[in-house]
Amino acid sequence: MKRWMFFTVGVVLGWGVLVGCEAEKPLESTKTTIDVWFHTGQPAEKTVIEDQVRRFNRSQDRIYINLTLIPEGDYNTQVQAAATDNKMPDLLDLDGPYLYNYAWKGHLLPLDNLVSPRLMAELLPSILAQGTYRGRLYSIGTFDSGLGLFGNGKKLRAVSARLPTSPEEAWSIAEFNQILSDLGQIDEDGMVLDLRMDYRGEWYSYAFSPALQSGGGDLINRRDYQSSGGILNGPAAKAVLGHFQSWFKNKYIDVNTDANSFTGNRVALSWCGHWEYPRYKEALGDDLLVLPLPDFGRGAKTGMGSWSWAITSKCRNPELAMEFLEFLLEPAEVIAMANANGAVPATRTAIGLSPLYRPGAPLHLFARQLEQNAIPRPRTPAYPIITSVFQQVFQDIRYGADITGTLDRAVKIIDQDIRDNHGYPDLDRADQDRAVR
Amino acid sequence: MRFSTPGQGLCWKYCSLVASYVVLALLALFYLAPVVFMMASSFKADHRVLSEGSSMLAFFPADGSWQNYLDVWHRVNFDRIMFNSVFITGCIVTGGILINSMAGYALARLQWRGREVVLVLVLALLVIPFEAIAVPLFYQMIIIGWRDSYQVQILPFVSDAFSIYLFYNFFVGMPKELEEAARIDGAGPFRTFFLIIIPNAKPVFASVAILTFLMRWGSYLWPLLVTTGETYRPLPVAMAAFENQVKLWGDIMAFGVMMVAPILLFFLLCQKWFVKGVAATGTGRKF
Amino acid sequence: MKSSRAKSFGGNEKRLEQLTAWLMAGPAIFGLLVFIGLPFCLAVIFSLTTLKLDSPLPVEFCGFEQFYRVFADQGFRQALVNNTIFAAVIVPLQTTAALALALLLNRPLRGMIIFRTIFFMPVIFPMALIAIVFELIFAPGPNGLLNSFLLFLSNGYWQPLDFLHNPHTALAAIITLSIWQGVGFQMIIMLAGLQAIPAALYEAAAMDGADRWQRFVHITLPQMRNTIIFVALVTTILAFRLFDQVWILTQGGPNRATTTVMFETVRAIFKRQDVARGAAMSVLFFMIVLTVTILQRWLAKEKREID
C-alpha cells in the first residue's frame, strides 16, 4: 500500500517536471521578454501567429515574444479579470469595441507617439477610426473584417433572384423576404438561411447591429452615448427585429448545430463574415457568391472591426512591443495573416497585393464596404454591457419573445449601467500619463 | 430466506426474477448507450458523427481511425491539461484528508478551549455551499493576485467542513483503548494520531478521499472563473472550451474518451471504495 | 466530553494538549475561515454596495438597491421559477428512481455488481463531458439520436424536435441528463440504507404472514425514512446549484427557459463585471439553501421524537 502510494506520487511529480519543462520556452537572458496574448478562434490564425512569433524571435536578438493563446469564447472576461489583478500581458489583441472600456479604465497606452508616420499613412481609415477613443489612438488591427451574405449561386438562380454586386444594389428587405419565401418553397426542409447561430458572444452584435442601423435604429444614441432609449427600442429597431423573428417563425433559419449548413448545401444563404470564405469557397467552388447584406430601408449597412492589437499600461517597454507590432504590419505579414483567415488586410499596400481583395478580386466587395457603408460598433466604455444585452435580446427574439417588452427591458439595463457609472465620465488621466512617462 | 414468499408458486418467483433482469438490462442499455456512442464517435470522421445518429451505426465505428485522437493531441496541450486535473485533484485529496482528519481528531478526542465553538462553526459552515461564496471568493482571489494559478484551484478546497464532520463522527465512535495505551507509553497526540489512529482508520480515510475526488474531479464553475488559457486549466473547462471553438464532433468525442478513460479504469479497479465512500455520505457513521 | 482522562495529566501536559489541539485543528480552521467564512461575510457586505470588477469609479454604499434590482429583474425571477420546477421534478423522480434501483439491486442475485457499476458510472463523468455528449443526443432533426429513437418507437409519427432550443423541452432535456448523471449517487446511498435494515425485522414480518407490499410499507419505508429525507435534501440543494449543464448547453435560453440562480449569478460577474449584483444573488441563494436545510432537519427530528 505504502509503496504503491510513493510510486503514484513519484509518477505525478515526474510528470509535472516533464510538463513544466515542455511549457517553459528556452529563455535567453539577453532578450527582453514581451508577453503577448492572442485569441484562438480559427486554427489557421493560430498557425500563422505562432509562425510569425517564431520568425520574429529568430530574426533579432533583443526581444523575446512569449505568446499565450486564449480561447475566443471567454477571451474578454479573461482580459477583464487580468486587468483587475494586474496580470495583463504587454501586448494583446482585443475584440474591437471592448477597447474603449479598457482605454477608459486606463489599461491601455496611447499609441500615437509610438507608431511611425509611414505606417500611419498606410493604415486603412476604418482601422484608425476604430482604434481611436477620445482623440487618441489605442489600437491597431492587422486586418479588418468583411460582413455580408454568402450565396449558393445554383440555388439562387433556381428562384431567379437578382444578384447584387455592390452595397447600392443590395436587396431591399421586401425583395429579401420574397427570395427567402421562394427559396423555402423549393428547399427540401424549408430552411434556407444560415445566421451562424452556432456562434456565441460578440457575433450577434457584430453581425446584426448593422441591420438595425440599416433600418434607422441603433444600439445606443451616438450623440452623447448616454442612453439607448428611443433608439434600441424605437420603431425602426423593432421593425428590423420583427423581420428576424418572422424568419425564425417561418423556419427559414437553419440552426446549424454542426456549422455545415452552408457547406453541406442545406441552405442557400449564409449571413457570415470573411473568415468563412476559404471554407465556403472550397465547398461551393464557382457557385459561391459574395453579396451585400439586405437594405432594411435606409441603405445597406455592414459591420467593421475585428481583433486589434493594443499595448497595455503595464508594459515596461512599449517601443519593443511596438517593434513586434510593426513587424506584424509589414505587407508580407499582413498578407500572411489575411490569407490564412480571409480577412481584409489593414494596410493599403497589402490590399493592393491581396489576391482576394484587390479590385476585381472575389472579396473586393468587403474592401469597398469598409470605405463606404461599414459602421463601427459604438465607441463607448459602455460597450461590454451593450453587447451583452443585445446578445440576450437576439436570443430572446429568436425564440419568439415579445419584441417591445424585450427591447424596453434591454434599454433599461443599458441606461441603468450608464447611470451607475455616472455616464462614464472622462477620468483623471494621471494613471495613463504616468505609464507614458 | 428473506425473499421467499410463502404461499406463492415457483413460477411466480421465476417470472419475477426474469422480469427484474429484463428491467435491469433495459436500464443498463439506457445507461451504456451514451457512453458507447461517445466511444464509437471518437473514431469517426467529424461529419459522420451527426449524420449517422439515426442508425445503429451510431454505436459502431465502422472503418474508424485514430485520426481524431491525433488531432486532439495536436490541437491542445493534452498532457498538460490532464496533469493539471490530476495534480489539482491530487493535492486537494491528500491535503484534505491530512488537514481535515487532524481537525476531526482534535475535535473528537482532545480537550481544548474553543472546541465547542469550533464544532459549532464547522456544523454551521456545512450549510454554506460553495456556490454561495464563489463570487466574493473570486473577487478575493483577484485582489491577492492568485487568479490563473494552481493554488487558487487547490487551497480553497483543502479544508472542508463535511470531511471534518465525517472524520469527527468516525473518531468519536472509535474505541479508546488503543490510544490510551499509547498515551500512557508517553506518546503525544501527534504521534498517537499518526502511528495509532491512522492505521486503524483506513476506511474513513479512503471514503473521504474518494468523496473529495468525486466532488472535485469534475468541477467546472470555479476553474471557469479563475483560469485563463491552457496553462492551469483542468479537463472539464478545457473540454468545454475545445467544444466551443470548432464543432468538430469526432475530435470532441475523442477528447472526451481521452479524458474519461483513465478515471474509468481507476473506478473499475477501486469500485469497492467508491461505493463505500458514497454510502458514507448518507449514513455518516458507517464505513 | 464525557471522558475525564485529561484530568490524569499534569498542568503542563494539559497546556501542551491545548497547543497540540490547536496545531492539529488550526490549518483546517484557518482554511475554513479564510475560504468560506470570510467570503461569506464579504458576500453580505458587497451586496450592499456598487462594487464592480475593475472599475475606476469609487465604490458606493447603496443599501438594499441591489436586492430591489435583482427582484425586479425578470431573468432572476424566471431563474427562481426554473430552479423550483427543476427541484419539484427532480427530487421526487430521482429519489424514487434511486430507491427503486436500490431495491432491484439489493438482492443476493448474480450480476448485481455489474448493474451497480453501470448505474454508478456516470457519477464519475464530469458534468461538462456529459453535457457535451447529450448535446449530440438531443441534436435536432431526424438524425439526432433521441429524435431518431423516438421516430423508431412511434413508427415514424414523431415530429423531430430541437430539444435544447425549444422553450417547451429545453428544461426537460436538462432534467433528463441531470437524472442520468445523478441517480447512481443516490442509489448507492439508498442501497447502504437498505442494507442497514436488520434482517430480523423482515423475518418477523414474514412469520406474521405479511406480503411483499406490506413489508415494504411497514418495514422498508419507515426504516429508510431518514435516508430518504437526506437524499431528498441533497437533491434539492443540487437542484438549486444547477449550473454546468446550463452554461455549456443553453446559456440560460431559449427565452430564459433554462436560466438558473447560479447561471444569473455567474453571468452578473462574468459578463457584466457586476460583483455587487452577483453577491446579492449569492446571498439570496444561500437563504434558499438554508431554508431547505432547516426544513429537512426539522422533518428528520420530528421522526426521532416519535421514536
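Quick notes on this one:
A, B and C label the chains in the order they appear, each numbered from 1.
By our rule, a residue touches a chain if its C-beta (ideal position, glycine included) is under 8 Å from a C-beta of that chain, and two chains touch if they have at least 3 such contacts.
These numbers were taken from a predicted model, which means no experiment stands behind them.
Counting steps between touching chains, the shortest path from chain B to chain C takes 1.
In terms of C-beta pairs in contact, A-B outnumbers the other of A-C and A-B. Taking the mean of C-alpha positions as each chain's centre, the chain lying farthest from the centre of chain C is A.
In this assembly, the C-alpha centroid of chain B lies 15 Å from the C-alpha centroid of chain C. Remark: chain A and chain B have CA centroids separated by 39 Å (rounded to whole angstrom). Touching of two or more other chains is recorded for residues 53, 139, 270 of chain C.
Counting partners per residue, chain A has 74, 81, 84, 200, 257 as the residues that reach two or more other chains.
The set of chain B residues that touch two or more partner chains comprises 50, 142, 224, 249. Remark: chain B residues 46-47, 50, 75, 77, 79-80, 83, 86-87, 90, 142-143, 145-148, 224, 226, 228-231, 241, 244-247, 249 touch chain A in the complex. The touching residues of chain B, counted against chain C in their complex, run 2-3, 5-6, 17, 20-21, 23-24, 27-28, 31-32, 34-35, 37-38, 41, 49-55, 58, 99-100, 102-103, 105-107, 110-115, 118, 121-122, 125, 127-129, 131-140, 142, 155-159, 161, 164, 176, 180, 188-190, 193, 214, 217-218, 220-221, 224-225, 235-237, 239-240, 243, 249, 252-253, 256, 259-260, 263-264, 267-268, 271, 274-275, 278-279, 281-283, 286.
Residues of chain C that touch chain A in their complex: 50, 52-57, 69, 74, 139-141, 162, 165, 167, 251, 253-257, 270-273.
Against chain C, in their complex, chain A makes its touches with residues 74, 77, 80-81, 83-84, 104-106, 189, 200, 255, 257, 384-385, 388, 395-396, 398-401, 409, 416-417, 420-422, 427. By the touch criterion given at the top, residues 12, 15-16, 19, 22-23, 40-43, 68-74, 78, 81-82, 84-87, 198, 200, 257-260, 264 of chain A touch chain B in their complex.
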